[in-house]
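These notes concern the structure reproduced below.
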Amino acid sequence: MLRLGILGCGRIGQVHANSIRRIEGAELAAVADLSSEAASACAARFKTVVRSIDDILNDEDIDAVVIATSTSTHFDLVTAAARAGKAIFCEKPIDLSSERVRSCIQAVNAAGVAFMTAFNQRFDPHFNALQARVRAGEIGEVETVSIVSRDPAPPPVSYIKTSGGLFRDMMIHDLDMARFVLDEEPVTVFAVGSNLIEAGIKEAGDVDTAAVILTTASGRICQVTNSRRTTYGYDKRLEVHGSKGMLRVSNVLENLVEQAGSNGFGQATAQAFFLERFEAAYLAEMRHFVEAVSSGTAPVPGAEDGLRAQLIADAATQSWREGRPVEIPR
Amino acid sequence: MLRLGILGCGRIGQVHANSIRRIEGAELAAVADLSSEAASACAARFKTVVRSIDDILNDEDIDAVVIATSTSTHFDLVTAAARAGKAIFCEKPIDLSSERVRSCIQAVNAAGVAFMTAFNQRFDPHFNALQARVRAGEIGEVETVSIVSRDPAPPPVSYIKTSGGLFRDMMIHDLDMARFVLDEEPVTVFAVGSNLIEAGIKEAGDVDTAAVILTTASGRICQVTNSRRTTYGYDKRLEVHGSKGMLRVSNVLENLVEQAGSNGFGQATAQAFFLERFEAAYLAEMRHFVEAVSSGTAPVPGAEDGLRAQLIADAATQSWREGRPVEIPR
Amino acid sequence: MLRLGILGCGRIGQVHANSIRRIEGAELAAVADLSSEAASACAARFKTVVRSIDDILNDEDIDAVVIATSTSTHFDLVTAAARAGKAIFCEKPIDLSSERVRSCIQAVNAAGVAFMTAFNQRFDPHFNALQARVRAGEIGEVETVSIVSRDPAPPPVSYIKTSGGLFRDMMIHDLDMARFVLDEEPVTVFAVGSNLIEAGIKEAGDVDTAAVILTTASGRICQVTNSRRTTYGYDKRLEVHGSKGMLRVSNVLENLVEQAGSNGFGQATAQAFFLERFEAAYLAEMRHFVEAVSSGTAPVPGAEDGLRAQLIADAATQSWREGRPVEIPR
Amino acid sequence: MLRLGILGCGRIGQVHANSIRRIEGAELAAVADLSSEAASACAARFKTVVRSIDDILNDEDIDAVVIATSTSTHFDLVTAAARAGKAIFCEKPIDLSSERVRSCIQAVNAAGVAFMTAFNQRFDPHFNALQARVRAGEIGEVETVSIVSRDPAPPPVSYIKTSGGLFRDMMIHDLDMARFVLDEEPVTVFAVGSNLIEAGIKEAGDVDTAAVILTTASGRICQVTNSRRTTYGYDKRLEVHGSKGMLRVSNVLENLVEQAGSNGFGQATAQAFFLERFEAAYLAEMRHFVEAVSSGTAPVPGAEDGLRAQLIADAATQSWREGRPVEIPR
C-alpha cells in the first residue's frame, strides 16, 4: 500500500485525490492547503485528514507527495520533499525558470527519490496506444508529426500574466507530446504567434494563436497549432506520418449520437475541455506513478522530461519574439 | 463497334444515351419515341437520328436495343426485338405480370438473343466492390443482410396507381440486391407495410413505409427497410454480416466538407436521389451490356434475374396483404 | 444517505457494488451470497460486511436491496424484500414466467415499495441522449426503428439451457430499447431464427441468429437483428427514423486511433462486450435508482417495463416456433 | 460555341481534350504536338484534327488555346498566343522565372486577351464548396489554415532536376490554395525541408519532405505539410479554422466499402493520385474557362494568381535554403 499526501487542494489536487481513491494499492493519507477551508472540504470529500505540509513531509508513514500547489511554490516543495525522502509527483511546470528546474533535478537526484512530471496527456488511452504502435514500428520511421490543440476559450488575462505565456502554459503539453512520438529530440524551433482573439492577451504581452515547426537532427518535422478559442469544444488531435503509414487520433466527442436532417449529417461537439477529455488519463498517470514507486522503478515522464519540454517552450517563445528559428539548448 | 437503338426518350432513355456516347466500342445508331418532339430533342442532344421502332428493329446494322418505354409496352417490344434478333437491354420491371415475364423469357430463349435486366444498382462501384468481396469469401459464410432504401420524397400518387406498389416499384431493387449478395435464393418472405407519410398513397391501396424479412433454405436472413421519405437525401445502405466479419456501404454524401461549430460536427446531406447516386452505375451497366454482347457472353443480370426479383416482390405484396409469411415460388 | 444491501456477489453483483461505492449519497451496507467465499471476497474488495439475506432484509437501517442472484431465486427474493419494505433493484429477467412476474408486481404494489428493473442499456449515455432527443420531437413522429445486437461469442450451451433462449436472454434488451424509443407499444411481432454458428445451441432447442419485426397500432415498425457471434467485438447499434430526420448510435470502439497504410484506413474493433460497452450505463442506472428512492419518486424502468419486454420476448419465441406473426398480450 | 486548340498532347493535354469534349458550348478544333505520333493519336481519340501550332494561332476561327506543353516553352507560346489574340488557358507554372511570368502578364494585358492559370484544385467540388462557405462568412474571420499534401510516390529524379523543386512543382498548388482560402495575402514564409525518402532527390539538390508556415499582415497563419510518399494513396486535406468554427475536407477514398473483422474496422485507401482525385476538378476548371471567355468575363485564377503563388514558392525555397523566414515580394 502506497500512502500519499496531496499538497494543494485546488481543482487539480482534487482530480488527483479522486484518482488515488480509485487505485488499489494506494491510500490518500492526508491533504494540505494554504486555505484551511479548501483543505477541509477536500478531506471531507475524499475521506482523509487535513495536515500541514511540514507534518506530511515529516511523517515517515507517508511515502509520496503530490505537488499541486501554484507554480511559484514548486521549487521549495520539491527540494523539501526530496530532502524528506518522499517520492514526488509534481504538476507541470516544475518551475518557469529552467535554471531552477535544473536545481530541482539535482536535489531529486541527490536524494535518490522518484520523481514524475505530470504530463498527463501521455496517458490518454488513445494517444498512448498511438505512441506504442509508433514505437513498435508499425509505421516505420517517423517522418512528420502534426499536433493541434485548441482550447474552447481563453483563460483569464490574470492567469496569462503569471503563466509564462501560451508557449509555456499551453503548448508545453504538445511539445512534450512531440518528444513522446518523435523518437528523437527536436533541435530547432521556429514559432509564430498572433493576437486574433482577445485584446487583453496582447496587452499582457502574449499571443492567443500560434504555430511552431520543430526539426530533429535526422530531419523529422513536427508542426504544432494552438488557439485559445474554438466554438466546438476542446480540439485536440495528433497525427504521425511514417515511412510505412500514418497513425492519428482525432477529437473525442461528447457522445456518439448522429443525426440526419435537411442540414445534413451531424454529431456532437468535442468534449468540453481537458478535465473531460483527459479524465481517463489522470487516473492512468497516477496509477503509473503508484505502480512505479511501489515497484521501485522510475516513473516516466521524469524530471528531465519536464526540463526538456520547458527548454523547447522557452526557445519557441524566443523564436516568436525574435522572428527567427532558435536552436534548442541541449 | 456495337450499334444500339434506344426505344423511349424519357429521362431514363436519355441516361442510357449519355452512357452509350461515353463508351468506346458503342454507337448510338438511332432513337425512337411516341413523341416526335421528345425523339428529336434526344437525337439532337446526343447527335444521332430519329427513326421509327419498326425501322430500328428491321435495320440489320443495328445490333441491340435499349427498351426504355413505359412498362406496359415492354412485353410487345421484347418479343418483337427477340424475333428481330436484337440483343435486348430492358428497363425493369420487364412486366408487372410474372406470367408475361415468363413468356418474354421463352421468346428471348427461342430467339437466342442476349438479354439484360436493368438492375443498375448492382453496378454501383461501392455495392459492386462489396459483393465481389463477399463472393471472394472475405467474410466467410453470409449470415445476415440488411438493406435500407429511403427515397427523398414520394412519387406522384398517379405513378403509384400503375407502378404495382412499393414492393414492386421500389423495393424490387433491394430484393435484387439481396439475391446479389445472399449467394442463395430466398425461400420465404414476411412483409409489413404502413401509411405514415401521405394519405393519397393509402387511398391508392399502397403503403409508404415497409419492412421485409427474407429467409433462405440454409437459414440466412435478410432484412429490408423502405420509406418513401427522408429529409436528408437518398438513404441507401447495404450491410452483409458473415462468419468472419462484416462489409457495408453507407450513404454517399453531396460533398466531403465537414464543419464544426457550436452545434457540433456536420457533413452534407446524402446525394439527392438515384440519378446522382447511381450515375456511375448507369454507365457501368451499359458498358457491361456492350462488352458482353460484343464478346458473345451472356449479360448479367439476365431475364431470369428479373423474374426472380419480381416473384419475391409479388410474394412480399401478398404477405403484406395477408399478414403472414409467404413462400416464394420456385 | 441511502444504505443498500447486495444479494448475490457474482460478476454483476460486483458491478453494482462498484457503482454504489462511486455514488455520493449511497452506501454499501452489506453483501450476501450462497458462497461465503464469494461474499467475503466481495466484502473485502468493496470495504463492507457479509451478512445473511435474512439479516439484510430484517435490518431496518438498510433501505434497499440489489437482487443479483440467479434468475430462479428472484421471485422469492422480490416478494420477501417487498414484504420487508425494501426498495428493490432487480436484475432482469424478473422471472422467466410472466405469470410469476405479475405476482411480483402485485407483491411490490401491495407493499408500496420502489422497484426498478435493471435494463441498464437505457442509461448508456449515447442511447439515453438519442432517446431524449426523440422524445423532444427532434425527428418528428417516429416511423421506423432498427436495432442491431451481435455478441462477440456465444455463451456456454449450459447457460442457454436455462436462459429461456435468445429472444428472452439476449434480445430482451433490444425489445426494451424498442419500447424506450418507439413511444408506442408494439402490438404484433414476427420472428425468424437460424442455427448458423454452433451445433450445441440447436441441440439445446435454441437459435443463434435471429430477426424480428415489431409493429405498433399506428404503423410504426421496428426491426431487430441478433447474432451470437462477431469477429469485431460487441456490435450494438440503434437507429430511429422519423418524419423530420434520423438519429442513430453506432459502435463504440476500443480506442480512437486511426491508421492508414497500403490496406487502407483502419480503426480499432468495437469494445469487447457489454461490461466495457455499458460501464457508464451501470453507474448511471444505479445513480438513478439511488436518486429516485432517496427522493421518493418511482424509478424507471419499473416492474411493468420488465413485464412488457418479457411478454414481447415470449411472443417472439412463439412466433419463431410457429412461423407466423403473433399478437403481443396486453 | 467556343473553339479551342490544344498545344501539347501529353497526359495533361489529353485530360483537357476530354473535358472540352464533355462541355456543351465548346469544341476541340485542333491539337498540336512536337511528336506527330502523339498528336495523331490524340486527334483520333478525341475526333479532331492535327495542325501545327502556327496554323492554330493564325486561324481566326479558333478562339482559345490550351497550353499544355513543357514549362520551358510556355513563355514563347503565351506571348505568341497573346499577340494572336487568343484566349489562353495555361498549365502551371507559367514559367520558372517570376521575371518571365511578369513579362507574360504584360504581353497578355497589352493584347487584352483572357488568361487563366490552371490551378485545377480550386475547382475540386469539395475544396470549392469549402472556400465558398469561408467566403460567405460561415466560420467568421479566418484564423488558421492547414494544408496537407502527400504524393503516393516521388516523381523520377530527372523530373525533379527541371521542375524547380518541391516547393515550386508540388507545394505551389497548396500555396495557391492557401491564397484561395486565407482571404488575405501571405507576407512572410518560413520553410523547412528534409531528405527522408530518396537519396537521388537529395543529390538533385531538392527535398522530399517539407513544411511551411505562412503569415499574413493581420496575423493569420497557414501551415503546409508536403511529402513525396505515402503508402495509402494521395493524401490531400484542407482545414480552415475561424472565429466561428471550422471547415475541412479530408481524403477521398477509392470506394465507400467498410469492413469489420478481428483487426477492427477498415476502409479503402485514398484515391490513387491527382488524376483520379481531381477528375471532376479538371472538367470544372475547363468549364469555367469556356464560360468566362464565352461571356467576356475574366477567368479566375488569372495570370496574377499564377505569379503570386510562384513568388511564395520562390520565397519558400529561399527560406529553406537560408534557414530563416523570408518576406514575400509584393
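In this document, chain identifiers A, B, C and D correspond to the written order of the chains, with residue numbering beginning at 1 in each.
Heads up, the rule we're going with is that a residue touches a chain if its C-beta (ideal position, glycine included) is under 8 Å from a C-beta of that chain, and two chains touch if they have at least 3 such contacts.
A quick map from chain label to UniProt name: A, B, C, D = Inositol 2-dehydrogenase.
These numbers come from a predicted model, not from an experiment.
Participant: Compute the centre of every chain as the mean of its C-alpha atoms, then state which one is farthest from the centre of subunit C.
Facilitator: D
Participant: State the pair with the higher C-beta contact count; candidates are C-D and B-C.
Facilitator: If we tally the C-beta pairs in contact for C-D and B-C, the bigger total goes to B-C.
Participant: Between subunit B and subunit C, tell me the centre distance in angstrom, where each centre is the average of that chain's C-alpha atoms.
Facilitator: 42
Participant: If you average the CA atoms of subunit C and of subunit D, how far apart do the two points sit, in angstrom?
Facilitator: Centre separation, subunit C to subunit D: 58 Å.
Participant: Which parts of subunit D, given as residue numbers and ranges, touch two or more other chains?
Facilitator: 230-232, 235, 244-246, 260-262
Participant: Spell out the part of subunit C that touches subunit D in their complex, as residue ranges.
Facilitator: 230-232, 235, 251, 253-254, 260-270
Participant: What residues on subunit A touch subunit C, complex-wise?
Facilitator: Per the touch definition, subunit A meets subunit C at residues 125-126, 129-130, 133, 138-139, 244-250, 252, 255-262.
Participant: Quick one: which bits of subunit D touch subunit A in the complex? Just the residue numbers, please.
Facilitator: So the residues of subunit D touching subunit A come out as 141, 143-144, 146, 148, 150, 190, 192, 194-197, 209-211, 213, 215, 218-221, 223, 225, 227, 229-232, 235, 241, 243-246, 323-325.
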